[in-house]
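Next come two complexes, and both contain chain A; in the first it sits with chain B, in the second with chain C.
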Partner chain A sequence: MTMQRRTLLALALFTGLTAPSMALAADDTIKIGLLATFEGPFTVLGEDSERGAMTAVAEMNGMVAGKKIEIVKGSSDASPDSAVRAARKLVEQDGVKVLVGPLSGDEGIAVKDYAKTQPDVTFINGTSAAQDTTLRDPAENFFRFSTDGAQWMAGLGTYAFTEKGYKKVATVAEDYSFPYTQVFGFMAEFCKAGGHVPSKSWVPIGNKDFSSVIAAIPEDVDAIYVALGGADAVNFLTQYQQGGGSAPLIGGSITVDQTVLTSKGKLRDVLKGTPSAGPTADTNDAPAWKAFVEAYKKQPGAFPSPSLFAHGYYVDMKATLLGLDQVGGDVSDGGKKLRDALSKLSFDTPTGKVSLDKNRNAIADIFLTEVTEGADGTLLNKLVKVVPQVNQTLGIPEDEFMKLGAVNRDNPSCP
Partner chain B sequence: MTRGQAWGLVGLLAAAVMAWPVFAVWPDWLNAILISKKAFVSAILNGITLAGLYFLVASGFTLIFGLMRNVNLAHGSLYLLGAYIGYEVTNRTGNWLFGVVAGFVALAIVGVAMQVFVFRRLEGDDLRQTLVSIGISIVAADLMLAVWAGGTYQIATPEWLDGALTLPIITAVRSNGASVFLTYPLYRLVVLAAAIVIGVGLWLMLHRTRVGMMIRAGVDDRAMLQASGVNVHAVFAIVFAVGAGLAGFAGVVGGSALSVAPGEDVRYLLASLVVVIVGGMGSITGAAIGALLIGLAEQIGLVYFPTYGIVLTFVIMVVTLALRPQGIMGKAR
Partner chain C sequence: MSLTLAADSTTSQQNWLEKLGPGQIILAVALALYPLAASDFFLTQIGGYSLIFGMLGLSLMMLAGYGGMVSLAQITVAGIAAYAIAILGNNNSNILGFGWPWWLAVPFAVLAAALASALIGWISVRTEGIYTIMITLAIATATYYFAQQNYAIFNGHSGYTGIRAPVFWGVNWRDPRPFYYLCLGSAVLSYAAILYGARSTFGMTVQAIRDNPRRMRALGYHVTAHKVFAWFLAGLVGGLAGVLLVWFNGRVSPGTIGVDAAIDVLIIAVIGGLRHPIGPFLGALVVVLMQTFAIDIVGAERFNTLIGLVFLVIVFVSPDGILGLWEKIKPHLTQESLRSGP
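Let's look at the complex of A and B:
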């Protein structure tokens, strides 16, 4: 009995403590949830994504449609359940009506499924880039102004085959939806051009010891395609260098991103000259990009150049704010007006024009890059070529594209 | 033939069966099944060196548990803190060995402080000690995130530990008859050697010294040891210093082989928990056997069935718990 009374008392106290914070959301502020990986193997990525999102907020001087922007942060660790937990907390406890995030591929799919249960809340993606977040079974209230992982690879497969002359490539990638999507994007072009991928290694996310994986890569490949992120990429590259690896590398979008290029250690040597593709290029000369870099650098702890994550969260946060501005910050109708505005939104980002397709997935420019050493010794992604306005089906007619099947470990295949 | 001889023969046969795939040149059908000899032998070697690292962390964990019945769930934090301290010292002094020593000494001090200021106050209250150690690990993880941020650090190993060693193991024969030998990173072999030396050293300390005798007596019956006039608190402090110091040492050594990043604390805590559960709580030999099993399972799983590799580790744990709940070398209580 005493136990029960105590529990009840604790519950009452807890409710008393949390309830006011919900009721106090005043009319002159607008709450936006920001969901990113502030813990786990993608911590650095999450920290930079916040800088990107805050750059967009700072551009509007922290105000939208006359209301003050209040950012409520939610943290996940790159696992889908943690992302849903954080999203639930933001939506159901903090009462946000607009949520920007998540960061990682599987998280995106999980949050999309959660979005279906919360039709009055508007979800705008962060940088999660799995294909099926928007391509198959999309949610009406989930928007992605950043492109997906297959789109990011536009141009790379052809470049590796024709310019670099690689005929046989092995892949090493993490075992979840985003790297599947990246490998798909790369192989779609590479296999079509006539290349072969005899071996694909899928490693669990957060793996530390890659030496066994490296040993299992066939010795007769021309290059290794690596789609690993954050700490995983650093570990792989270091151990590849330690093991005396000599085959050249091809990078997935986040493998040669600033989050990895700025790491300390000997991995720098194996990275130079690595071709890759993604939604950004560090040496982009466009004035809009340069202005964005300057704005980004005002954020505390910024990298020499914004990472893909800063860029993605910037674009998605910017779209959110533009949408909110159009509807006067009014989401009292369950966000219907906001979602209408977002679906029609088309705007110029630091990396060119972005608009949405019918599945609410972005069509945008993609940059083919190569890693070079900058004047001050920092590693940068040099712009090689811009592939304009890539859509989610990579320029292939939709019905044909859908026939290629859902991305997974074994699809596509060209051994 | 006596029973002993028969077992000896079986042992020899087993050794021969194990040695054959390592030294013989593989026929094609075997290569086809196991990807390649290089992949297989590397996985075995990696498993053994990883086991060395796990042993370093888990031996401290098991020692502390065996003596004090204290499941120190902050043990992973000790590993991570040691790694960060090792990184800082190596970076500032430019000498890797200083980093290793600093990692051990600093964490030994932290360990003693934890024992004296926290765990001694909760003596005899196992559950509260465990809960407090969870609390410490959470606070420590956030403090370390505040100081060192979320980045991935690589502790620079000295030149003389860099590079790869050519082992007398033939992985393949080229068409011109030349043999291809297996190369293996030198540093990893050094980690393994260090683990073996420390393992033997711990065993000698436990079985050949007076302090070791006291520790063993304490493991068996703490009250009796206290009654016979031994200052158990001093013994506890020594054990905590050695256990925490080893975790710090492993942090620097492991941080040089792999890398240092937030989240490592939980990973190594989980690894040492599994190792100790499989090997038997409180036994150094058990920790070595457990580490070997888990290290090999992890690496072989990673190469041959990466998606379900992690399951293998827990299958071993479940089977052990089902057949021998006290662990392979654990004593039934």
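Let's look at the complex of A and C:
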């Protein structure tokens, strides 16, 4: 008797494990996978990216081509392994044919590699901004309507050299593909303009003690280029200032965002006047941007101003929905029509026109900003200049750009 | 020290089928037939992944259950095998990659992992209880940060990508069904080896050392050598799991061997139960299912809370994990069956 019960238990267990996937979506709904960091160190960023994506969905009233949009969420912890595992679950178990994400640099490269094994599924980037996601060895079915980290730096190197008059700059950045790409973008212009970068420091994510890094920064630099995110940026800047450092700063795209600018204490004085560049600017006066901010604020738990993650996911989700709308929500042909529509897509975003190049990477406007104190005493990124329609090769002819080599910790170099 | 794996004279007379028992035979048949019913996703992402993490849990269970040494460095051992495969075989990160064939790279990788495990064991055997946990945690964390910042061997944060499972006998071993059977075969091999080893002279000696090291030392046994050899054996299982893990992911980076992963392995072993080698596999199945599907139950914001609560409930209801749960239910089932008898 016990045996029978045990057998039954085993049977029940295995039926449960083999239950056919619930992927059989009804005809009147269309499933879109949303992959972001809902756990780990980038959770706050992941949640804001969801707000951005949902703003785009809300704009279409949750419908595309007469079908209801169903968002299936996948979570990663910013590690490439977890991103691929979440993407696999969304594609192979939930049966999504369109996937928007991921958020972070190395995740993007891993998901691009996975995309090659799933030619019938269309992948649209979230905010992952490593250069090689689309530049080298791209996947046919991976699209990036948000720009990469080097593009985000457009105009900053020249501005630092000519307007600010910095000739020698040291860099401090986190040690992975996205900051490599940011430093590359900054140095590409700065070195070309005649500047020198005598020292580059790479720190692991989540570093707490920056004293050895600060000690390694040469005395005679005119400024420090900092590409750190969130707590890393606050820790570094606080310790640098406490250590008596006085060199002015140049910020990476996520260094002087609202999470850092809202921190209290003397740090505020150090941050004022820091130039930076990125895909968004807090004081953008364009009506389209203002309308986007209003729409974004309707999402639960929204920040006063959308982060670049909300913006990136919004743009990519919007592009996805526009593409789906053009093909009448039909992905039954393995998404071929959808991919054709996406590669030809050109549309107006809150931050200007976006279109794709031959590697399916976005060409878009980039904003040069400077930290200033707002009327109510809060720090803001004031818009200085719009750099129009930056492409992935930063305006350099492609063969010349490829000769610069792949981004890594040692490339580029101009000591 | 004596390492003779002598079979027990009373049981050797029995038919091996009887010795296995009906439960394990049914389980084996069910696992072997599982691919007929399961989708590709359930085959690799749930089945294969659970088996791999079950093996990692098994290598911990062997140390903790039989040897009384709780290690948080089993994922590090697996990681060493994974990195060895990437370095000795082929990868597309343009760093190292000696291009050895799999039949040469795999034994070397597993051996390297086992030696590393023995080294970790050698460092930590003189400690006991919580100090073993601390020292292995320190080793796991140090290895993680070293891999993160070393570019010559570990290729830093991005690690190695483009590692392919071998193709031989006309089979691509990373295809869902072959890969599942590969994992199943390795898991069964490790499981059987540990069951057998636990009843061997060496296994008995290790368990005796766990219970009373001073008496064993007085009896003339070399306690340290036995413990270190147990670490070596656990390293073989962990290394094999590491090889499968790198073929499964197709990549390895410091994130694979981070502290989160180390704790996952401990959770798997504790949830499953440390008293029998089947425990870690049950634990791995529950953990993998929860980590995969919790997000569908409660949404993206709170799914880790749900995972934590489920683990808490399991440990709260039964300190021996799922195995202990079964032990609690079994007498009731037997009783009931007696009552409902003819």
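Methods note: the second predicted complex is superposed on the first by the 385 of 415 C-alpha atoms of A that agree within 3 Å, B and C clash if a C-alpha of one lies under 4 Å from a C-alpha of the other, contacts with A are read in each partner's own complex, and residues count from 1 in each chain.
Here is the rule we use: contacts are C-beta pairs under 8 Å (C-beta built on N, C-alpha and C of every residue); 3 or more make two chains touch, one makes a residue touch a chain.
This one's a predicted model, so the numbers in the text were calculated from it and none came from an experiment.
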Partner chain in contact with A:Glu47 - chain B first, chain C second, else both or neither: both
Contacts of A:Gln93 with chain B and chain C, given as first, second, both or neither: second
Contacts of A:Asp175 with chain B and chain C, given as first, second, both or neither: both
Touched partner set for A:Gly243, first chain B, second chain C, both or neither: first
Which of chain B and chain C A:Ser75 touches, first, second, both or neither: second
Contacts of A:Asp106 with chain B and chain C, given as first, second, both or neither: second
Partner chain in contact with A:Gly323 - chain B first, chain C second, else both or neither: neither
Partner chain(s) touched by A:Pro204 [first = chain B, second = chain C, both, neither]: both
Partner chain in contact with A:Glu39 - chain B first, chain C second, else both or neither: both
Residues of chain A that lie at the interface with chain B and also at the interface with chain C: 38-39, 47, 77, 175, 204, 409
List of chain B residues in touch with chain A within their complex: 35-36, 38-39, 42-43, 46-47, 50, 145, 149-154, 156, 162-164, 183, 185, 187-188, 258-259, 261-264, 267, 298-299, 302-303, 306-307, 309-310
Of chain A, residues touching chain B in the complex: 38-41, 43-44, 46-47, 77, 175, 201-204, 206-209, 211-213, 215-216, 218-219, 230-231, 234-235, 238-239, 242-244, 263-267, 301, 409
Of chain C, residues touching chain A in the complex: 22-23, 26-27, 30, 34, 37-42, 45-47, 145, 148-149, 151, 156-158, 161-162, 249-251, 253, 255-256, 258, 260, 292, 295, 299-301, 303-304, 330, 333-334, 337, 340-341
Residue ranges of chain A touching chain C (in the complex, touch as defined): 1-3, 5-7, 10, 14, 17-18, 20-21, 36, 38-39, 47, 50, 73-75, 77, 79-82, 84-85, 88-89, 92-93, 106, 109-110, 113, 175-177, 204-205, 409
